[in-house]
Every structure is written in structure tokens, then in C-alpha cells.
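Chain IDs A, B and C follow the sequence of writing; residue 1 opens each chain.
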Amino acid sequence: MSRRHRHDARTPIVILSLGIVAVAFFVLPLVALAIRVPWSSSFDALGNDATIEALGLSVATSLITTVLAVIFGVPLAWLLARSNMPGRQTIRGLCTLSMVLPPVVAGVALLASLGRRGVVGQILDDWFGVRLPFTMPAVIVAQLFVAMPFLVLTVESGFARSSTTVEEAARTLGATPWYVFLRVTIPATRPAIVAGAVLTWARALGEFGATITFAGNFPGATRTLPIATYLALETNVDDALLISMLMVVLSLVILVALRGRWVGAIGGAR
Amino acid sequence: MRLIARLVLAISLLAACGSGDSSDDGVVVFAASSLVDVLTDLSADDESAFSGAVLSFASSASLAAQVIDGAPVDLIISADRKQIDELVAAGFGTSEPQVIAQNSVVIAVEVGNPLGISSLDDLSRSDVLLAVAAPGVPLGEYSEAMLAAANVDVSPVTFEADARAVLAKVILGEVDAGVVYATDAESSDDVELIRITEGDEVSVEYMALQLSDGSDRAVELLQELLGDRGQQALARRGFGLP
Amino acid sequence: MTLSVDVKRLIGSMHLDVSFTVEAGETIAIVGPNGAGKSSLLRMIAGLSAADEGRITWNGADWDDASSGEFVPTEKRPVSYVFQDHALIPHLNVLDNVAFGVRASGGRRRVARERATHALSDVGSLELADRMPSELSGGESQTVAIARALATKPELMLFDEPFAALDAGARAQARRLFASMSNESLARILVTHDAVDALTLADRIVALESGSIVQVGTPSDVLATPRSHFVAEILGFNPLSGELHGDQLSIGAMNLTLGAHEVSDGPVIAIIRPRSVSLHRTRPEGSPRNVWNTAIAAVDRTSDRVRVQLGAPLHIAVEVTPAGFEALATGVGEELWASVKASEIAVHPA
């Protein structure tokens, strides 16, 4: 919109009206939530230890998930974007399938593989006495499984866009492929990596279905904020509303702190 | 532009109709998750009043919350008296609440019972991984009360959202034992059911509350549940009768 | 120091099959039309791709031997490569771009920056040191790319169409820089589709067509006996024998003023592109140099251009658009004025 007119002649009215409907669609539930929150009543639900514990667990696990997603996801994205390994399309499909699976299905799949009776989980238990389900690492595994594809896809398109000529120039200047990756490719792809990390973190923070299925619900170990919200809905709707509001504020603060420009890099427009 | 204005008008009119009255054709029943099998059995029977009814299953607490939020429901069946009491206190209900069935709380273990679990006391053994329902959902409340009354101190590895989730963890072998409703344990061939010894057992009453005014269909539904067809269906799925 | 190339590689459906050598101190131009395989050849020499058959050796040591599988990776070859689009690293400033090679080979930051400062001042662009690549003009970024390539002290430098992306002024400057870089211990390969660049900047020319070498020779040899269509076109570029004295070039009775160049006085071959000559009906105002009165000797019309052969004093061909020719409204025998910019005349020792 121009500074002179609210209805800029260049903005077609159809686009403007539909855009406003879309904005309302997103804003209305947030406003409604804010209205329904029992502000006047005490903030006990926020102050109580269980909520603080769930909040801490959510923040900690989602951040660890994001770090792990970057460590493993960036190399995977590079392989998908740059290598000519056979069956890349299939591998991409398999590695991002968990993004579109119903989270509960993802949780069941994790149990089938890493659960106590799972294909790998059984070996972990028999040989090392390691049992993943119902532990904090299980929360991270569940989050990583459903959230990492967001990073992989975003970073892959970043790698695909960054110039291979610049990388080749760096090679001719005496840089090894690893040095080129660290000093040329990664810095050039940084906006995509940050955008992917934000998406991954957001998805991990909100993860519910796969977590409660694979990691269960235990205060302090696996009860994340979304699970706490869901269970509060069963017992005390006011508490649920307050915790929901807490999640909204937390997410908003971080999205704003990251300034739209990082998130803007997701679509490729920098 | 005019076309769009008309479309918007049409859509808003349709939306207004929709929100006014939705019970014209389908009667809406909210029921506790543990009733899934019974009510699905009934609705598959063309002669049943449940045939054609809109069935919605969830935990009793979230169903009650939806009703309070204005969900257009004709009949609610809760696994816990508490929710029905809350609804009545909030002014809902067009008839007296009625008990339609009973259930009990049991221990579900893997088929063959490899750890030899036979009583509530065994649940406190350190080699037994235990799943229970979360405090707050009816099953969780019953389980907690039952264990407290029996003086058994347990440390579950997880507090699941409902009975089916507890059962799933037992079936998948992630836990050794789960405290569930008898009907849930009986619905699966993959678990074995350990009944609680007399004195410690908890009985669960399923209560129905009619919510809509003058809906013959809701009355019909309630009568069927209390009548032969309903009671037989409940018994087939392991429920006790009132 | 000798680079010896004898390789085959399938590129799409084209078979690249070439064999030649380059000595230290020598500049080779590889010329040919687009798609002749020039860049692919350069990439193999740099180690950015491998030969299907044959070998590339440097002083007798294998860089790439398809039969033994021996392959020295790019970073281990004393080669630097100047890309057509310059390929500066976008997130590093000019100084760090130039220092990159030394850093990548394990040099300390301070040493790398010193070397980079030297390299930048060698090409006369020290004032660009703090700028980001996005803030450079085409010519500036080309200069920086050359400084960056020099900073690693390469023994072999590869140039892929270094002048193609530049505007006329920057191009003349880049050519001068290229000519001034030549030294005894450096071998250079210049890939270009511009025959004039090849004639004036290289010691030897390798003419490539559809993956095969059609001619190798000194610029004089190639001018004397062109052996391919592409090289033959060079004849249309008006090679003229003359005598050079500073910036003055005498061709018979005619005197032309040249732009800056690196050629020493004496007999030279001058080249004027047909399209760089302008024709006028009256004496053009404001550009006193390189204007002469002449007459049309012949006219050759094709669908999209008109080739005008000029008579004495300079027997050269000029190309104009049909519309431009109509505006002159001239025919054979008619008098007119011709002019050419000093910077458009290329010279090369005869």
C-alpha cells in the first residue's frame, strides 16, 4: 500500500479482499484465544512447577533437535542437491516422508524401529541396556524425525541455488572440497540454513503426536508443553488456555526476534 | 466484482443456516472412547436407533468441554460421573442422568504374562515397566484412587492420554503392564487381562445425559441403550450392566 | 615447465579430441565458435573434470591419466583459473577474495592479506580492497579475479572468455592488464571466441571446431593460411600491415592513432573489426582523429547486414545495418567519410 492511499490503484481489489480474509483467518484464533484466557483469574497455571517444567523441557528438546537437524540435515541436503548418487529422488522422498505422515503414524514407526521390541531398539536393549521410549532422548528423536525434513528441503534448495562456479573457482585457488564446503558453500547458504532451522525448531516445539506416541508422557522427562496443553484440556480448560497463550507468546517472540528477513529466505527471495 | 459480492453473500447465508440448527437429519451422540466398539456395533445394525446417528468419541473430559462450548449434541455418555455433574451444574441436561453400563479397571499384560504379574502389588516391582492413564482423565483418576486405596506405590514410565493409548503401549511391548478398562483389555487378543482382587477393585459407571430439548431420537437412543438390544451389545463387549 | 595435453572426452554428443603443448612463458589462445569444446578442455586442464581417454602431464608428471586412473585434484595443481563471470566469493570482500587462495593452502591470515595487498597493487586496484563483490563494476571484478588468480603464484593460468562480459572501456583495460602479466615462468591459456584477441594477445593459436583441432600456429601463420571457417572469418576483420611508432600507426600514406597498447615499435599487423568503423555522409564533428575521406568500392548485401568495401586509402570492409546504409543513400563510387575509435584498432607484432 502506498503512503498516499490505503487502496493503492496497483493493488487489485480481489487480491486485497482475499488477502484480508487470509489475515483474519490467522489473526482471529489468536485474538479469540487471548479473549478466552482467564486473565483476571490467577496465573497459577503458568507459575506452577509442572508448567515451568514442561516449558523448560520443550525449549531444551526443541533446541537440541534443531542443532542435531543442522548437523545431520545440512550434509543430507548437500548430497541431495549436489551429489550424483543414484536414486536421489527416492532418497529425497523417503527422507521427507515423515513430514507429511500423520505424526501418530510417525510415532508408531519409531516404536517399531527404536522401541523396546523394535528392530533396532531390541538390539540396543539387549546389548547396551539402552531403552529409548519414555526418555527425554525419545522426545528429541520424535521431534527430529518429523521436523528435520523442513531443514533438509529448505537447505537443499539453498544449495541448488548457490553458484557451483564460485566453488570451482575456490578449488582452483587451492582449496580442498571440505574447505570449500565450510568456507564458501555454507556461508553462501546461510540464509537457507537459518530459515530451515527456524522451521525445524517451530515444528519441533509444536510436536505432539509423534512425541506422545513414541516418548509417552512423563513429567520432567517427556511431558512437553503441547502434551501438557492437551492434558490440561482434559482437566482444567483455563489452564489449557493459559498454556496455549504461553506457547503463542513464546513462538511470536522468537519469530519476531529472528526478524522476518530470515523467514523470508524460505521462499528463496532474499 | 458483483459475482464475488454475490458469492460472499451466498456463503454467509449458508454459514448462518448451518450454525442455526444442525440436528435436522442426524442425531449427535458424544461418547467416551471406551464405547467405540459397542456404539459402532449398534450403528451398523439397521434396526437400531443408532443407525444414522452421528457418533463422536473422545475422552469424557474433552467431550464435556465441547458441550459447554456449545457443541450441538443430543446425548452424551461419559465414563465418569464428574463430567456429568459438571454439565448438570452448568445447566445442561433435559433429563436425569442415568447409569447405562458398568466397567472395571484391570491390569493388561503381554499374552502369557511373562513377568507373572498377578496383583496390584506386582505393579510396584522395579522390573515392571508400567503405563497408566494421566491424572485428570477418568481412567487416570480411577487408577490413582485404586492404587492409593490398595496402598501400592508405583512409578509409571508414562501417563497416557486415554485407555486406548495405555493399551497400545502394552500391545507394542513398550511396557510390561498397563492399567486399563476391562472392556479395552478384552477388545484385544494381544493382551492378557488380570482382574483386581476383591476389595481393591474399582467400578466405573457410564452415565448418559440427554442434552437436547424434545428430541424424540435422543430419547429413543437412551431407551435402546437401557433396553435389550443395547444391554446385549454392551455385555458382548465386556461391560457390566447397571 | 611444459603442459602436455592429449585427451578425449565425450561432451553430449560431441567427441572432444585434442593434443597440444604449452611452455612456460608462452600464451596459447584456444579459439573457436561456441560449443567447440573450449571450456570443457580448460576444465579438464584445471582438474574440474576428468578425461575419458588420454593424459595430461605437467613437466612429465601425470595430472590426469585415464589409463592408470591417476588424477591430481584441482587444488594440488599449480593452476589458477579466471572465469568468465569472475566467480568472486560473494560474502568476502575484495581483499579476502584475493587472500582466499593463500588461506586455503594453509597460509596465516596476516601473510595471506599481505600477499593479497601486493597482488591488488600489482593490478592497480588496491583501492578496491574493502569493497564487496556486489559493489564492483564488471571491469573491477574482472581485475580482482585476475589479482586473486595471481596471488596464489600459479605456474599455469587459464582464462575462460575473460573479456566477453565487459563493456568496451573495461575490455581495453583488461586486455592491457592481460598483456602486461606475461612473464618467463608463467604459461597461459586463453579461451576466446574473439579472433582478434587471439591474434593480438597469444603467441600461438589453437583453433578448435566441433571438438577437434583444425589449426595450430602463430598469429602470422594463421592469418597467412586460415584452415577453418572460423579462422577464415579473421580475414574479414581487416588485417593491415603497418609500422608502429608509439601510438601512431602508418599504413601506407594513412596515419592512425591508437589507444593504449603493449606492443613495441616496428612492423605490426593491425586489425579493425568491420563493425567498429562508422560511415558518414559529411565529415563528423568532434572527433578529429582517425577520420578519413574515401569512396565505396563495392557493396555486398545480405538479409540482415550490408558489407561495404572501401577504396583508397584503406582497403577495408565495413558492416552496417540495411537501414543505416539506406540513410547514407549511397552506391558504388560515391564519396563518404569513415571513422574509427583509437581503442578499436588492435595491433600485434608482425
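Here is the rule we go by: a contact is a pair of C-beta atoms (placed from the backbone, for glycine too) under 8 Å apart; a residue touches a chain by one contact, two chains touch by 3 or more.
These figures come from a predicted structure and were not determined experimentally.
Q: Would you mind checking which chain's C-alpha centre is most distant from the centre of subunit B?
A: Of all the other chains, the one whose centre lies farthest from subunit B is C.
Q: Just to be sure I understand: the centre of a chain is the mean of its C-alpha atoms, right? Then which chain's centre is nearest the mean of all of them?
A: A
Q: Taking the mean of the C-alpha atoms as each chain's centre, how many Å separate subunit A from subunit B?
A: Roughly 33 Å, centre to centre.
Q: Using the average of all C-alpha atoms in each chain as its centre, how far is it in Å between subunit B and subunit C?
A: Here the centre of subunit C sits 83 Å away from the centre of subunit B.
Q: What is the distance in Å between the mean C-alpha positions of subunit A and subunit C?
A: Their C-alpha centroids are separated by 52 Å.
Q: Across the complex, what residues on subunit B touch subunit A?
A: 1, 4, 59, 61-62, 65, 129, 131, 134-137, 156-161, 165, 168-169, 172-174
Q: Please give the residue numbers of subunit A that touch subunit C in the complex, ascending.
A: Those residues of subunit A that touch subunit C are 163, 165-166, 168-176, 179, 183-184, 187-188.
Q: Looking at the complex, which residues from subunit A come into contact with subunit B?
A: 13-14, 17, 108, 111-112, 115-117, 133-134, 212-213, 215-219, 222-223, 230-237
Q: Within their complex, state which residues of subunit C touch subunit A.
A: Per the stated touch rule, the residues are 46-48, 73-75, 79-81, 83, 85, 87-91, 100-101, 104-105, 148-149, 152, 158.
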